[in-house]
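Read the structure below first, then the notes.
Note that the chains are named A, B and C in the order they appear, and that numbering of residues resets to 1 at the start of each chain.
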Amino acid sequence: MTSDVAAAKPGIPRNPDAETLDPFHGVDFSKLERSLHRPRTFMSMLWTVIVSAMTLFALIPLFSVLWLLVWRGGRKLSIAAFTQLPPAPLEQSGGFGNAIVGTLAICGMALLISLPIGLLSAIFLAQAKPDNRLASSVRFAGKVLTGFPSILAGVFAYGVVVMATGGYSALAGAVALSILMLPTILLTSEDAIRMVPERMKEAAIGMGATDTQTVWMVLLPAAVPRILTGVMLAIARGAGETAPLLFTALFSSYWLLWHGHVKLMQPTASLAVLIYNFAGMPFANQVELAWAAALVLVVMVLIANLIGQSLANRQVQ
Amino acid sequence: MPTAEIASQEPVSTNGKVDPSVVMDCNIENLYYGSFKAVRDTRIPVQKNAITAFIGPSGCGKSTVLRCMNRMNDLVRGFRLEGHVQFRGQDIYGPKIDPVAVRRFIGMVFQQPNPFATSVYNNVAFGLRLNNFKGNKAAKVEEALKSADLWDEVKDKLNESGLSLSGGQQQRLCIARAIATEPEVLLLDEPCSALDPVATRSIEELMKQLKARFAIAIVTHNLQQAQRVSDKTGFLYVDTSEGSRTGYLVEFGDSNQIFHDPKQKETQQYIKGEFS
Amino acid sequence: MPTETQISKPPSRTQAITDTAFRALCQGFTWLVAVIAVIIVLKIVLAALPAVRQYGLGFLSGQVWDPNKKLYSILPEIWGTLYSSVLALIFGTAFGVAAALFLAEGFTADAVFALLKIVNLQFHPFWGKLPVQVENLLSNLIELLAAIPSVVYGLWGLFVIIPLVRPACHWLHADLGWIPLFGTDLSGPGMLPAVIVLSIMILPTITAIGRGALLAVPTRLRMAAYGLGATRWEAIFAVTLPTASRGIFGGIVLAFGRALGETMALAMLVGNANVISVSLFSPANTLAALLANAFPEASPKDVGVLMYAATVLLVITLLVNVAGAYIVQFTASELEGEKV
């Protein structure tokens, strides 16, 4: 046996006429080799390099932002930052404790408004037949509202709450944020409910469950992790919004809880507005506090995001 | 077992009175999905303490007829029924009837096992909760699991997810879920099609035990299975003469007679084709 | 088989009533959402009506904003809004689509796989999972860009981007000042820093939607191109991108809507000057930034004018968003139809 290709493979008899039957006879095999001298191959490589470089380049700002937050914001972070009130100009030290409380309170109120509305209408949308006009219009409105400029939510809350009640308040801020949170909650909850396998729904109905029983006993329990993911995303978005709070909740240098009263109808501080106000001030102390507040805000937002993500991932497994 | 045999073409006794052993009388004149006529002229009685099997080629409307019997088809848009389906002498398609109530008395087990994503226990207790059952739930769950021949396998993992069971166990779990509420009729749509021969046998045994308590209707593709378990058999076939594919009942009668002495030509051919 | 204690029973009265009530409740809340959507638009437009009557269309074409003289017009803001958004869209699209391709076409996973192959660990039970994990990590990082609040970007732009680009801007203006784009010098805030930050902010939208559109392209189409001897990039340009183009385009339109309405980064970086200029280094203003700056101090009279400006912004963003949402929805259903 000679050691040619055919003989190397057991079971394939050696063909004496291999020379004449060889389909590659006369082909220059160097042409099949990979070579960067060939324009097509070279262009392909070039594009790969360009796209990879651009993607990595797009991530530089992220790392820059995170690094600066840790470096500049971390320096100023202390117990005082969490427990003290914002300093007056030229005053040293101080903190943003009231702004953290304010952000949490405004977001919480916004959630109280948007969650019931979003969830109940999501249930309706998920159960509606494809040709239901109300459902498809509301779904479309939700998609359009996802891109609704946050400043306009502020303008709306200004018109509806501030002008009606005669003053800036946490409530006005919450109304503005709830409009931004609503579409996220609505659309993710609808998706979550729709993702529950049709078979489970069929099983419940086949046993004589009413629609309401099907929703509460089968659909919602299975959809809860995904719904919570949407809620966490909505909270993260709401907490980070500044523009709609600028002229609804405004700002305050006092605690939300003042002499035993919760001042929901008074101007209220929030981290986002504090960052905006202090960033533009010509005082080093305020600018440093703005960085520290930004670090706290980003950490809060990221935690909300991570909780949402991990809930979503758990669902997948 | 009812002793007085009913003539194959006359499921309801001649003098117009309802035969007391017939729990359900399904009489479909025409059944449409939108403009598509899916089934016509099909009359099948379902008897107490007996297993009624539906056989026929794929797409002839077996599932449709079965789903028609507990109004699952109401979920399909464009579904329309001409005819009536009587349950203990009452038309379940009557104007005042609540389909939800119908389904509580006529349980259904689907082709694919479809346990809920909760524990085994909660799966079986689901129907009890639906019906606001006030008594001893744990005892009922145990009883249902025992009847479904699943108790020994799951008694140590009642709190594990129903989805963690094997396919055959899941299907028996679904049966346990359906029988826990003690419906009058049990509809099974190809319950063994996703199962291996051993699991299939155990479900067949189960059905034979359950017929002491329920009226059972089963759709199956497996003629041997129909012959093994059923007391009555209906053969459905597709009529393509009007240009569309409309299913209809060719022959109904004792399983023995259908499988060994079919009267109609189509039945003969179908049985022969399947067995030879 | 009548049992003494019948379990199956028709839905009780309470169950029936609860069911009807709950369904009505859900439907009612859905109507509420519809009503809210309409009210949001109506509220803003109606509040603007007095100012619309008073200032008419001249409001849109004049260039003066002087509350003392009661002279208001917003052409510079409209220009600034559109100019900054278009510029940001150019950068955002280039980088966003590149990132979408990088993440959707398996380059990341391939690169990691190739690296693993060098050390012969590509099928290792632990390291073998790395390619997929790195790809997920990268797309999560890109999504993280969207999670950072815009005010933080503004802060970052003020203290990082402006000092960073200023020398380059000086040089460009001094040496290439005859090009209109470099016609003025950068003195602190201006169009360029605002556009840079804005591009970063809209990039995740384009990448996320673009990646989804690319992943939705059926593999068999790609295989067809490879089977004909196309290189990877020939397949991308000839098959994948054209098939996904409509979805990517929808993402770009939605990103455009985001850019038009983005407020804080612009309010902090664009300079808030009532100027119309093509120069990248000139300060400018946008509608959203105008609202953010003027609203907190607005007298009741000014509010009407600001509502007029808000209405203009509303109309522009609504048009763009409706178009974007329509394109994305339409494309999704089309591709789903194709899969069947």
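We adopt the following convention: contacts are C-beta pairs under 8 Å (C-beta built on N, C-alpha and C of every residue); 3 or more make two chains touch, one makes a residue touch a chain.
Here the structure is a predicted model, which means the values were calculated and not measured.
Enquirer: Hey, what chains does subunit A share as contacts with subunit C?
Expert: Intersection of subunit A and subunit C contact lists gives B.
Enquirer: What is the identifier of the chain with the smallest separation between its Cα mean and the overall Cα mean?
Expert: That would be chain A.
Enquirer: Rounded to a whole Å, what is the gap between the Cα centroids of subunit A and subunit C?
Expert: Subunit A and subunit C have C-alpha centres separated by 13 Å.
Enquirer: With chain centres taken as the means of their Cα atoms, state the distance from subunit B to subunit C in Å.
Expert: Going by mean C-alpha positions, subunit B sits 54 Å from subunit C.
Enquirer: From the mean C-alpha coordinate of subunit A to that of subunit B, what's the distance rounded to whole Å?
Expert: Centre-to-centre distance between subunit A and subunit B: 48 Å.
Enquirer: Would you give the residues of subunit C that are in contact with at least 2 other chains, written as numbers and ranges?
Expert: 8, 11, 15-16, 19
Enquirer: Residues touching two or more other chains, restricted to subunit B: which are they?
Expert: Within subunit B, the residues that touch at least two other chains are 100-101, 104-105, 127, 181.
Enquirer: Would you give the residues of subunit A that are in contact with at least 2 other chains, written as numbers and ranges?
Expert: Touching at least two other chains: 208, 210, 213.
Enquirer: Would you mind writing out the residues of subunit C in touch with subunit A in their complex?
Expert: Those in contact with subunit A are residues 8, 11, 15-16, 18-19, 22-23, 25-27, 29-34, 36-37, 40, 43-44, 47, 94-96, 98-99, 101-103, 107, 111, 138, 140-142, 144-145, 147-156, 158-160, 200, 203, 231-234, 236, 254, 257-258, 260-264, 267-268, 288, 291-292, 295-296, 298, 303, 306-307, 310, 313-314, 317-318, 320-322, 324-325, 328-329.
Enquirer: Help me check something: in the complex, which residues belonging to subunit C touch subunit B?
Expert: Subunit C residues touching subunit B: 1, 3, 5-12, 15-16, 19.
Enquirer: With touch defined as at the start, can you tell me which subunit A residues reach subunit B in the complex?
Expert: Touching subunit B: residues 129, 197, 199-200, 202-210, 213, 217-218, 221-222 of subunit A.
Enquirer: Within their complex, state which residues of subunit B touch subunit A.
Expert: Answer in residue numbers: 70, 72, 75, 77, 100-105, 107-108, 110, 112, 114-118, 126-127, 129-130, 174, 177-178, 181.
Enquirer: In the complex, go through subunit A and note every residue touching subunit C.
Expert: The touching residues are 40-41, 43-44, 47-48, 50-52, 54-55, 57-59, 61-62, 64-65, 68-69, 72, 116-118, 120-121, 123-125, 127, 134-135, 137-138, 140-156, 158-160, 163, 179, 182, 186, 208, 210-213, 215, 236, 239-243, 246-247, 250, 272, 275-276, 279-280, 290-291, 294, 297-298, 301-302, 305, 309.
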